[in-house]
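Just below sit the structures, each encoded as structure tokens.
First chain A sits with chain B, and in the next complex the same chain sits with chain C.
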Partner chain A sequence: MKVEIRLPELGEDAEEKASVSRWLVNIGDIVNTGDDLIELTTDKAAFTVPCPQNGVVVELLVEEGDEVVAGDPLCILES
Partner chain B sequence: MSSQIEVVFIEGLCPFQKAWTLQRERLEHVRRGTMPNALFLLEHAPVITLGRNSRDEHVLASSNELSRKGIEVVSTDRGGDVTYHGPGQMVAYPILNLRQWQKSIRWYLRSLEEVVITLLDTYGVSATREPPFTGVWARGEKVAAIGVGLRDWVTFHGLSLNVNTDLKAFELIVPCGLYGKSVTSLQKILGKSLSMADVMERFTEIFCRQFSANQPKIF
Partner chain C sequence: MTENKTEQDVPSATPSKGALGEFPPWLRRPWGSGALFESTRNVVQGYRVHTVCQSARCPNQGDCWQRRTATFMILGNVCTRNCLFCSVRSGNPARNVDLEEPLRVAEAVRALSIRHAVITSVTRDDLHDGGAQQFLNTIRAIREINPHTTVEVLTPDFKGDVNAVRTVAEAYPEVFGHNIETVERLHAVLRRNGRLYEKSLSLLRFVSGFSDKIIVKSALMLGHGETRDEIVKTLQDLREVGCQVVAMGQYLRPTKSQRAVQRYITPDEFQELEQIAYSMGFLFVTAGPFVRSSYRAEEPISMLKEKRFGSVAR
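Moving on, here comes the complex of A and B:
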């Protein structure tokens, strides 16, 4: 089954925009819950977004430099 | 969970890589709850570090010049642009699980600024924020730089405050990528050098007060 992974709320800074710094996984990678998927930056902070479930990465929907907000699709996993 | 903060003073000039490794190891412990939050305080051996938003052209010195001066350039996993660390500069690396305070990067950055502003006030130096930039300014020049990383809401990297720093070193870079904004130190402002031990002691007290005043949320 294909599952779209979306950017979760960035804590209490809900309206915050973040910029994609780099992917930490590649297409074809097996990922587990809690693995770091992607690194984002806001202002002076860089942070990683953990994977919410197990699966295989089949598609990356954003690339380096893209701006994202909570709810935006990041990638597709086959689980 | 406890919001206890263990303060770790590192003696001598700490190589950047060593401090980076210490932070990452501690971060994993704090994340798993196997060790308390930490605050590392230290001075670095001379180094130029790049953040995730750095541009190569913000390092002005040639690689030849840098290697002649023995200054390494390191790409790091913090936010922000290029900065310099070296002797006479206080570096603070808080490893805090923000879940115990507020899950807000913005709140965390403003809290770090507040600690520095309060600290400088104890030396009679009036310091300010310069929105939209992050950091602390005094007399129109930047005195403290901030760049952080978070993993699973646990912080690493942090802030650097120029106490007795050789400010000439900042001529090698465009600090924080901000053209036309110069950098200052407490030594320059006060006209005398300060005891680093004293600065670290005051910083620790104010930091712990700032972060314990915000009680952890209980769910």
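Moving on, here comes the complex of A and C:
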């Protein structure tokens, strides 16, 4: 089953916009819950986004330099 | 002696724009995610409470909320001041106070099973008591329905109004925190009022003298261009007014509208500052890039109570 992984929402007033610094996984990688998928930067700091479930990375939907907001799809996993 | 070391007040070699790839490697945090994080978010939203985690865009939000803790911000989310380092919305709350807020905060504390609740607020210069009564009511409401929870407040300066400070102190929070924020010289710049430094010290002095049952705490954000000597002087001033716990962390610009970071302090420098503070007699010191006064505030509580009220007479 293919699953779209989205940037989690932080809630009202929180920082929800970021730019993509780099992917920490490649297409074809086996990933487990908690593995860091991608590094983002906001105005304030750098963040890593952990993988919410086990699977294999089949597609990356954003690339370095892209602006992303909470709720945006980041990649697709086959699980 | 490390105390005598001086640090040049120079612009750092580290770029501070906060744009792509410019943060030093130690400034990396987990983005909030996962079931525990979501459950905290649901409680915060469900009880319609504000958190400084969100309003200040705290980089620790992911870490703390995954541990099901949050720092509640009372008296709304609109501040009457406009400090250059802070992203909390500034405006005129027109003397509005939500009288049901204390109960909602207390219920959120219960829903999250928080054992050490940290309550802070926006500054409310529009209220005659600066919101002190709301602090008192919130502490009481938390205690009422969470009898085993300890309470820490992090208050504004109440414009130096002793009666307001006394109102909060009379609720006997386990910890009374008030942040000095920065060194004396930079108050004029960052807080647009140089006299606020002395006001903050007076507040801490008052609370120290009010009761030895209350642990007095303060915090400094570093990276605004302060020198090592200025930091040490500030720590000395805090000790002199009876402050026992201090936290030091890296200032990080919340958005491009706030003041740029002047310098990134390295983890080693933070460690050194921690040692300096301990050598000055603070009971508990935390220092590190992501240290905030409320970050992991629960950790020293049992130790502090023992130190303060244990069998060893003071």
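Operating definition for what follows: the second predicted complex is superposed on the first by the 72 of 79 C-alpha atoms of A that agree within 3 Å, B and C clash if a C-alpha of one lies under 4 Å from a C-alpha of the other, contacts with A are read in each partner's own complex, and residues count from 1 in each chain.
Assume a contact is a pair of C-beta atoms (placed from the backbone, for glycine too) under 8 Å apart; a residue touches a chain by one contact, two chains touch by 3 or more.
A quick note: this is a predicted structure, and the numbers were derived from the prediction, not measured.
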(request) Check the contacts made with chain A and report whether chain B or chain C touches more of its residues. (result) C
(request) Have a look at where A:P73 lands relative to chain B and chain C in the superposition and call it first, second, both or neither. (result) neither
(message) Contact-wise, after the overlay, does A:E15 reach chain B, chain C, both or neither (first, second, both, neither)?
(response) second
(request) Identify the partner contact of A:D43: answer first if only chain B is touched, second if only chain C is, both if each is, neither if none is. (result) both
(request) For chain A, give the residues common to its interface with chain B and its interface with chain C. (result) 10-13, 21, 39, 41-48, 50
(request) Using the touch rule from the top, collect the residues of chain B that touch chain A in their complex. (result) 51-53, 77-80, 98, 102-109, 134-135, 146-153
(message) Could you list, by residue number, the parts of chain C that touch chain A in their complex?
(response) 18-23, 27-34, 37-38, 41, 44-45, 50, 53-55, 57, 59, 61-62, 77, 89, 252-256
(message) Going by the contact rule set out above, which residues of chain A touch chain C in the complex?
(response) 7-15, 19, 21, 39-50, 52, 65
(request) Enumerate the contact residues on chain A facing chain B in the complex. (result) 10-13, 16, 21, 34, 36, 39, 41-48, 50
